[in-house]
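Only one structure is covered here, and it is reproduced in the block below.
Chain lettering (A, B and C) follows the sequence in which the chains are written, and residue indices restart at 1 in each chain.
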Amino acid sequence: MNKITQKTTAAPAGLSRRKLLQASAATAGMAVGAGVIDGFPAIHAADPIVIRYAGTGVNAFRELSEQCKADTGIEIQYTTLTSDDVVKRAVTQPTSFDLLDSEYWMLKKIVPSGNLRGMDVSKVKNYDKIVPIFTKGELPDGTKTSRTGIAPIKVSYLQGAESTEFSESPTDFMTLIPTVYNADTLGIRPDLIGRPIESWKELLNPEFKGKAAILNIPSIGIMDAGMVAQAMGEITYGDMGNMTKEEIDKTIAILIEAKKAGQFRALWKEFNESVNLMASGEVVIQSMWSPAITKVRQQGINCVYQPLKEGYRAWAAGLGIPTHVDGKMLDACYEFINWYLTGWAGAFLNRQGYYTAVLDTAQAQMEPWEWAYWMEGAKAEKAVVSPTGEKIAEAGEVRDGGSYWERMGKVAVWNTVMDEDRYMVRKWNEFIAS
Amino acid sequence: MPARLAPYLLAAPLALVFLAFFLVPMVLVVVVSVFNYEAYQILIPDFTFQNYDDVFSSGVTYETYLHTAKFCVIVWLITLVLGFTIAYFLAFHIHSLTMQITLFLICTIPFWTSNVIRMISWIPLLGRNGLVNRALMSAGVVEEPQEWLLYSDFSVILGFVHLYTLFMIVPIFNSMMRIDRSLLEAAYDAGASGWQTLWNVIIPLAKPGIAIGSIFVLTIVMGDFVTVNVLGGGQIASVGKAIWTELSYLQFPPAAANAIVLLGVVILLILALMRIVDIRKEL
Amino acid sequence: MPSERRSRSFYVLATIFALFVLFLYGPILTILVLSFQGPDGGLVFPMRGVSVHWFVDLFQPQSIGDIWGAFDRSWKLGLIVLVLTVVLSFLAGLAFRRRFKGSTLLFYVVVASLIMPSVVVSLGIGALFELLGWERNWWSSALGAHLTWTLPFGLLIMFAVFNRFNPAYEEAARDLGASGFQTVRYVILPIVAPSLIGVALFGFTLSYDELARTSQSGGALNTLPLELQAMQTNATTPVIYALGTLTTALSVLVITVCLVAVLILQRRRAALGSDAGRGV
């Protein structure tokens, strides 16, 4: 249907792609939009649409873009960036991408800039099936999830399509359509520690002097530190996700004291650094992300993602559309997002150790035993292999932390941006400098 | 073309690049910073006062500058001595241009492997189970793995020397190549010893190269954050790193304030250096 | 300097130089060893077997990151930067040999560009293009960003090159009736040409390895360092070490071939009694 109009708008020399899109959108927009809502199949193979997708490498998998191209004809051009650069690009140069893959806490920085549009939930086919963590702030069985820190529900909705204000209650306009999320805890080397680890406070246990590491992304690191300080009984927070200046001072003071005593071997910032620190034995206990554990294990090194009695620190990421995107490109973005939620991508990401936003469709794409291993905490029937071909677990092993419910149900806090963010970053810099 | 105009025309392309890609963007950064802080509902009147106050009132600022300055001085001294020695070797002991170029290329090749990759490789080189520790232990020099090799002031300085000695070698080498060889013959004929020639002839004539190399090393080390971050294990502060952290949190005004202070300090350093050697007078 | 005095100091200095080179290659040696990791191995010791798995893998599409696409952009950008750096610094270097109005200002702007934290410069350029509504690309905004980084080095090295440059050559040329252009082209350029190689090497190497200034000015397609850096946000395999080993091996090979060729040429020339190609 849209092929005809595309042919008539054969690119005049010197006309930018965007202008071209706007021009053709005027005529083709409605028709294409209708096609997307009705169902998939508008295959764009004849004139592939290229979506510039900016985000970190967390889920910028080639396999995803290839599958998407095969299913919908839409081409994904990844601009892979470090987490810092994602936020900076989103705020200062929104026209440099068409689709943004961002973490929920970053929204507190990005949304006030007015660069993200509220996404019309009626265009998202599987909207009703998105786990209620994002739409209601509760688990599928109805229990409320923690609201400490930037719980996704706090920033999931905007008051209007062009609003820069979050809405506490669901509206028709979503900031991000969730893609992956997870519950984080400490990673440990049981072979080098030799005893059970049960609490966050072990991170600052002098026993691991010079062999511990913490995450140097203030929004995340401060929460790890908060979990530790609370577990040690040093601080009882009013709201750990939104500390007062005094609480920040105390937390940072504990970190500084530990640092001066030589507790930390290093602070890490990117995923891969944590893998190297752990695999090389420089560090035996540290804040870590689930797939990083998998990666260390693949190198034949025993590494456990240790569930702790105080609970998990969780995070979530999703796809957002910048305001400059319109017409055909906007439709393509919705089409891509719809494709994302149809299961193939969900299954792929589940097998990486993340959780996906729409569980039903992902389950349909996974073997029952796979689902049982990843989601239900069951013993693996056979050896578990990642989508990229590496062995993750032997038959008979169980996932660290157990089932989805056991893990997501025990989330204590979310990554955060506090009201005292500026003060916190300043103090964090003091911790680094001390 | 009229000779009077020549310098302007010759300098124009370079000047235009800096106008378009440096001066204008810098003005913009200041504007953008005000923008965003409006959005975060932080009052603009606070803007100038608060940020500079934050910079100057915090003891950490002085600590950070002091620490960065310490790196600067140590690295400068090491690269200067090492760089001068090597430049001397290349300029006076290697006679064929082909060989000189070849040796320079040999020094450059390691830098064609991206710094991102090289930085990772310091862990398996200097870490607990790294090559150096294993060599030391198997040679019986030490019993236990040495932990100060990595994630310490030592490793940061090592990293700097590794990266920036070449920045010292090249300008000094170029200065030395301009020294008229007959001056050295004259010194020798006049009975000067090798050291006397070095001290009284070569060093004074190589001063501009030394000054230029020093500008490179001082400015880069003052502003660096990658080396400090990776080889300091994220635990060692530097001015560049503080700015970087602020920027990654979109805190433009404090970052801008910090950047301006940094700029001021380094320009002062260079002014002082130019007092000693005005490189532009030696052209 | 007479050679009989040189011998001892030559060996001392040569040893220092050799040790320095060894030091420079320290990380490269580690990379070399670890690029032969077994298929299950990681970026750090221990080795999990020995294989060429990662060299093969390097030529397969990666799950995360497009190494070859980025490599292709980076070396092209490096070459463009090389040429512009050499030309612009050479011209400006000539300009600075005379006093002109604003020369001090220009000098300090150039130095300021060296000092200004790269992240700030990068943000500014990105924001400028956003404001103008221009698309950012490696060959436009990123090129500009790279030049603000390489030109200060280029210009200052030109200062060292023109350092005490004997004006007698130019005067002689002028006396013989050469025009300004002819003087530059036939007198100055040949004399400083070998030194320009240093500027060229700086230009290429600094650009090829530039990270911070490109981070916000690079547009949708990453340069190699940016791509490699972004790959750190997921699990990275020894494939990047294989890339390092390959880069080094190829560079050494190319340089050796060139060197041999030059030496052969020189032998021939020497046989013909010419002194062309000798240093200044």
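Convention: a residue touches a chain if its C-beta (ideal position, glycine included) is under 8 Å from a C-beta of that chain, and two chains touch if they have at least 3 such contacts.
Please read these numbers as outputs of a predicted model, since none were measured by experiment.
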Busiest interface, counted in C-beta pairs
B-C
Centre-to-centre on C-alpha atoms, which chain is most distant from chain C?
A
Whole-Å separation of chain centres (CA-atom averages), chain A against chain C
38
Which integer distance in Å separates the CA centroid of chain B from that of chain C?
16
Could you list the positions in chain C whose residues touch two or more of the other chains?
43-45, 123, 127, 229, 232, 236
Multi-partner residues of chain A (at least 2 other chains):
88, 92, 272, 276, 280
Please output the residue numbers of chain B that touch at least 2 other chains, ranges allowed.
32, 120, 123-124, 127, 129-130, 247
Can you tell me which positions in chain C touch chain A when the two form their complex?
40-45, 48, 61-66, 123, 126-127, 129-130, 133, 135-136, 215-216, 219-222, 226-227, 229-236
Mind pulling up the chain A residues that touch chain C in the complex?
16, 52, 54, 56-58, 60-63, 77-83, 85, 88-89, 92-97, 270-273, 275-276, 279-280, 291-292, 295-296, 298-300, 388, 390
Taking the complex as given, what residues does chain C use to touch chain B?
1-2, 5-6, 9-10, 13-14, 16-17, 20-21, 23-31, 33-34, 43-46, 87-89, 91-100, 103, 106-121, 123-125, 127-128, 131, 144-145, 147-148, 151, 153, 155-157, 159-165, 180, 194-195, 197-198, 201-202, 205, 208-209, 211-212, 224-225, 228-229, 232, 236, 240-241, 243-244, 247-248, 251-252, 255, 259, 262-263, 266, 277-280
Given the complex with chain B, which residues does chain A contribute to the contact?
84, 87-88, 91-92, 109, 112-114, 164, 210, 216, 218, 259, 264-269, 272, 276-277, 280-282, 421-422, 425-426, 428-430, 432-434
Over in the complex, which chain B residues touch chain A? Could you list them?
32, 36, 39-40, 42, 54, 58, 60, 63-64, 67, 120, 123-124, 127-130, 147, 150-151, 229, 233-237, 241-242, 245-251, 254
